[in-house]
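The first chain written gets the first letter, and so on, giving A, B, C and D; residue counts start at 1 in each chain.
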Amino acid sequence: MFYFNCDYMEGCHPEVLARLTETNLEQCIGYGEDDYCARAAEIIRDRFDCPGAAVHFLVGGTQTNTVVISSVLRPFEGVICAETGHINVHETGAIEATGHKVLAVPSEDGLIRPEQIDRVMKEQGDDEHIVRPGMVYISFPTEVGTLYTLSQLEDIYAACRRWGLYLFIDGARLGYGLTAEECDVTPADIARCSDAFYIGGTKVGALFGEAVVITHPDMMPRFRYMMKRAGGLLAKGRLLGVQFIALLENDLYFDIAEKAVQQAGKIRQKLLDKGIPLMVDSPTNQLFPIFTAEQMAALTADFGLAVWKTYDDGRTAARICTSWCTPDEQVDALMEAIERV
Amino acid sequence: MFYFNCDYMEGCHPEVLARLTETNLEQCIGYGEDDYCARAAEIIRDRFDCPGAAVHFLVGGTQTNTVVISSVLRPFEGVICAETGHINVHETGAIEATGHKVLAVPSEDGLIRPEQIDRVMKEQGDDEHIVRPGMVYISFPTEVGTLYTLSQLEDIYAACRRWGLYLFIDGARLGYGLTAEECDVTPADIARCSDAFYIGGTKVGALFGEAVVITHPDMMPRFRYMMKRAGGLLAKGRLLGVQFIALLENDLYFDIAEKAVQQAGKIRQKLLDKGIPLMVDSPTNQLFPIFTAEQMAALTADFGLAVWKTYDDGRTAARICTSWCTPDEQVDALMEAIERV
Amino acid sequence: MFYFNCDYMEGCHPEVLARLTETNLEQCIGYGEDDYCARAAEIIRDRFDCPGAAVHFLVGGTQTNTVVISSVLRPFEGVICAETGHINVHETGAIEATGHKVLAVPSEDGLIRPEQIDRVMKEQGDDEHIVRPGMVYISFPTEVGTLYTLSQLEDIYAACRRWGLYLFIDGARLGYGLTAEECDVTPADIARCSDAFYIGGTKVGALFGEAVVITHPDMMPRFRYMMKRAGGLLAKGRLLGVQFIALLENDLYFDIAEKAVQQAGKIRQKLLDKGIPLMVDSPTNQLFPIFTAEQMAALTADFGLAVWKTYDDGRTAARICTSWCTPDEQVDALMEAIERV
Amino acid sequence: MFYFNCDYMEGCHPEVLARLTETNLEQCIGYGEDDYCARAAEIIRDRFDCPGAAVHFLVGGTQTNTVVISSVLRPFEGVICAETGHINVHETGAIEATGHKVLAVPSEDGLIRPEQIDRVMKEQGDDEHIVRPGMVYISFPTEVGTLYTLSQLEDIYAACRRWGLYLFIDGARLGYGLTAEECDVTPADIARCSDAFYIGGTKVGALFGEAVVITHPDMMPRFRYMMKRAGGLLAKGRLLGVQFIALLENDLYFDIAEKAVQQAGKIRQKLLDKGIPLMVDSPTNQLFPIFTAEQMAALTADFGLAVWKTYDDGRTAARICTSWCTPDEQVDALMEAIERV
């Protein structure tokens, strides 16, 4: 039995573990003020071409989203996102827990459009009876694996600037987005076209960890207070620094992500060849085929798949995820199984 | 110039003012523990046929909604409401300020259906990554003036019980709903088919004030702590008791509401006669005609109307409100003006 | 039986009621954007000599404190106050409800000293593990009736500026402080030596209402959003404007406050003459005599007194309040009763 | 240079790392629902003799305190703790961020007494203007290394039961307390005399991680929702399960803690022999000697020590921590250095 349910079922890339083992008994100052975190931050600023950025390390995505969003919004401000956005549907109200409304806009494909931002802002009209949007949150890739083109990303960012909104990019699966064949966005574009973003480690080779990169000066002051207040200042912060050095020093992060995306690409082609419809077509490491009950039963006898959505006619949109450590033989086996259904 | 913009442009009914004047220099214990509040509560329990209910008095609607909703939800629970619900669109995130997500469901006419509750509950599936619905919030009448039939209300309440959800009715305009000709719901039905509701005073004859009626025992303990923490325990609580006695002792509340609804009914008939479309057809004191730019210009030369929504083709959905003190001559004047446009 | 328990047992000064009655049926725009509120704000800016100030009107003190404090602090910032401060002890955690810690410093007499501010700031040392003070809250007069001298107030404000802290003055009983014989602080000093303060109406002649005056530009933008989110934007805001006009237009506020303070002064002299100890000596409208159990029993047979504190030896620190409407004969009667005990 | 500043400067015990390495590439279900977490919970229930307890795993202490405390308090309830309590002074207002007031009581030695609980409860007197205590938080050992005797602990718990308060024990350094020579409290006593507690891993041999043990049924339902909402549901929850198995399966946790405490004991004896005063005398792994400026300068040339408190006369209360991995030779070297100063 092999699980394609999600991209965080294993521990970490062996190289990451090797670094943690090597440095295990060194004494380091706590809370992310050690040399490893400093070095990891330097590598990130360099790799994403944002020399003036502030870089902080947190353990998980929900915490990261919460801390970034609440660090800079005024109490009556909300955050615009796609209705499919992780903060809107899968974080148990963590944003609302900080007092901010999530302002969801319709989205079939996980993307939002500049016109939607314009509409929300016009409807709000600076009326004090209505939550004031203060930030836009997008995911790259989105929760359903889709990507903004560079031009779309630039347009979103332009809309944000026009309206005085911060733009924050959730990069829980950033590696799987940036290495997709269709992707015309570079790491430097991510930094250039946003006010803050995070580089997801948990799903791309780390044991855990997300690196927040802040480029807008408004969001920098006393960010560490926000982290601590949210229980997000890891005592042994060096664990995060060491992992991100291992992942980013020699582009391991991108190499393993690319491999995962290529494997998903093979499975996608097989699905298309078989005429299996896709809930949404994703160029990254997540696929959302719609299976009949029979197909689902046949496949889940041998493979773990996640149930994303069920239809009244008995069909299921499943999620198939590859990850940095999906073995070739499992991809082949799944493709054969799809061929057979 | 006469304003039909909303139903809170004047002070209070003269009878209310007379009572406030009469009792002005009496010394009363503070914070709603006085005899007037006790008497008003008694009248309410009697009039709404809910002898075991707890009754509390607050100053305004947003505060009332916030206190009731946050009094009983656990931190990770949210409140289901129509997307048009006041708490979703016109309270500047006051519910989210208490840490709870508003779970908006689609609604054209301001009403929600039991099937929508079922769907939200099934989708949540007691998954800890998703906000758990803990309450349903409906407005009676709704924000666009519509009403639940008794049968609809009973079905909503049955769905709530089935899923273990509290049902809370926002009665900011309760009088204007209960006295509508089409209404088959009685005050006793409101109490019987909900776990908590409030009787809106601000819009129906009081200077200010809302009476919260709690029938579910879970919501009763230490409710006053919740009020105080939210800044909602009025020092001179007797002001609220005195007003509600004046309004409810002899059904003044219902008499003046009924008059307002009848006047709105006359205007509605005139709009229909003239073939002016309605954004939504309301049997209560609020009307939402869709006017052309010319009609709007003509009418607003002599009358205040609220702009509810603007359409791309230049038309406007206006809101026309009558209230407990709308004079006959103004209704007549408006009807003539509508006739002329 | 006459009650000296507190200063909010009656309704409002007859002049205030007269104005409310006069204007009752006028139609006014809602939420404090009417002409009465504008005029009241103008009078306040003039009387307190702060031409550039923003003025807003709220219903009660807890709400006012909450809105002001949370309008400008960052999430990890707290507010320094005396341990006796209203926000620390008698608001059911309303400040903490907005996520901010109240940083209480020791105080016997209700006052805080600049050295205490210095000490808190040094101990915090801009360490992100410790709540960062962002504001100082003082009450004028304090909760136990004491007053800052002008020099003390200036020193507190200087300390605030030195450390980058906002200074907010709770003026729930401002009138009773400014009209005390010992007081060398003027209305203009209050505005000059703070970043925000409020003029308490509830306890000084109004039915209800507090006027917030903001002089620091940081606290001005979108303050009304904060009010609305906290349920503090009164629908019929004109009620607040009308009352403050009545109270401040011809200094009625100060005249009635002064009378109350003089009456408290007579009672205080009688207590001192009888050798009754005071928990704290107050020059304003509140007195805190320490009575034996026998004295307490004798007095409370005929007068309402509040129990402030009980001692292990059976004695009680009572609170005696005079107010804008305490009649001379009741003051005389209480003095005679004290003479007799 | 060797650092005695704190007990979280190294990674984890080699046995823990070995287990993480062994299991690294296994596929496990996420969010703590894996077999390792189940097994670790079983071991904990067994070792602490609490068969009906719910066990959950979180990453860090601040998060753990926040989630536990906010899971069960009503919004207007606060938590009583010593003024030295971690939640009161070193968590940047994380508890207040959830809307709850920390009700600090005086403490010189980090302990609180049942009489203090009684006093707070009597003063509150179920008055809705005052935050209602809902829980007592104690640390075992305390932040300054002291311990409750079994009798003291039982008395605290009896006081909590008398007043209807939950008792929560912060066990960030639980191992260092339970293995102290003076300690007469057993693991089973900790479970028996509290409603919830946590076993700190971060400071006692784990990379990170705290195991929450809940024995009171009120605190169990949907605790995982609380964890997720606070960003505390680790995606790869198995990392926590694996570590706690390694630590507790064969009592490694207690063995390494005991060694650290013995080493601190040797240093303590040396300090006493040299006549160096202690700010507070601790029988666990933390020591708080008061050094002169000269002593401090001499020692910190070769050793890292934490500055806990500075005195006006130039002296410093330093913190010396041993940990599960403090080498003997460093203890000897420090003792020699102390001998020399």
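Note that a residue touches a chain if its C-beta (ideal position, glycine included) is under 8 Å from a C-beta of that chain, and two chains touch if they have at least 3 such contacts.
Keep in mind that what you see is a predicted model, and the values were worked out from it rather than measured.
Q: Note the connected groups of chains, using the touch definition above, after excluding chain B.
A: one piece
Q: If we define chain centres by averaging CA atoms, which chain lands farthest from chain A? Would you check?
A: Most distant chain from chain A: C.
Q: Which listed pair, A-B, B-D or A-C, shares over half of the residue-numbered contact pairs seen at C-D?
A: A-B
Q: Using CA atom averages as chain centres, what separation in Å is found between chain A and chain B?
A: 42
Q: So how far apart, in whole Å, are chain A and chain C when each is placed at the average of its C-alpha atoms?
A: Distance between chain centres: 50 Å.
Q: Could you state the distance in Å from the CA-based centre of chain A to that of chain D?
A: Each chain's C-alpha centroid was found; their separation is 34 Å.
Q: Among the residues of chain B, which are close enough to touch at least two other chains?
A: Residues 75-76, 91-93, 97-99, 128-129, 132, 225, 228-229, 233.
Q: Looking at the complex, which residues from chain C come into contact with chain B?
A: Listed in rising order, the residues of chain C that touch chain B are 2-3, 5-6, 8-12, 14, 17, 20-21, 23-30, 59-64, 66, 91-94, 97-98, 202-203, 207-208, 225, 228-236, 238-239, 304, 325.
Q: Can you list the chain C residues touching chain D in their complex?
A: Interface residues on the chain C side: 75-76, 78, 89-93, 96-97, 99-102, 128-132.
Q: For the complex, which residues does chain B have touching chain D?
A: Residues in contact with chain D: 70-71, 74-76, 98-99, 128-129, 132, 222, 224-229, 233.
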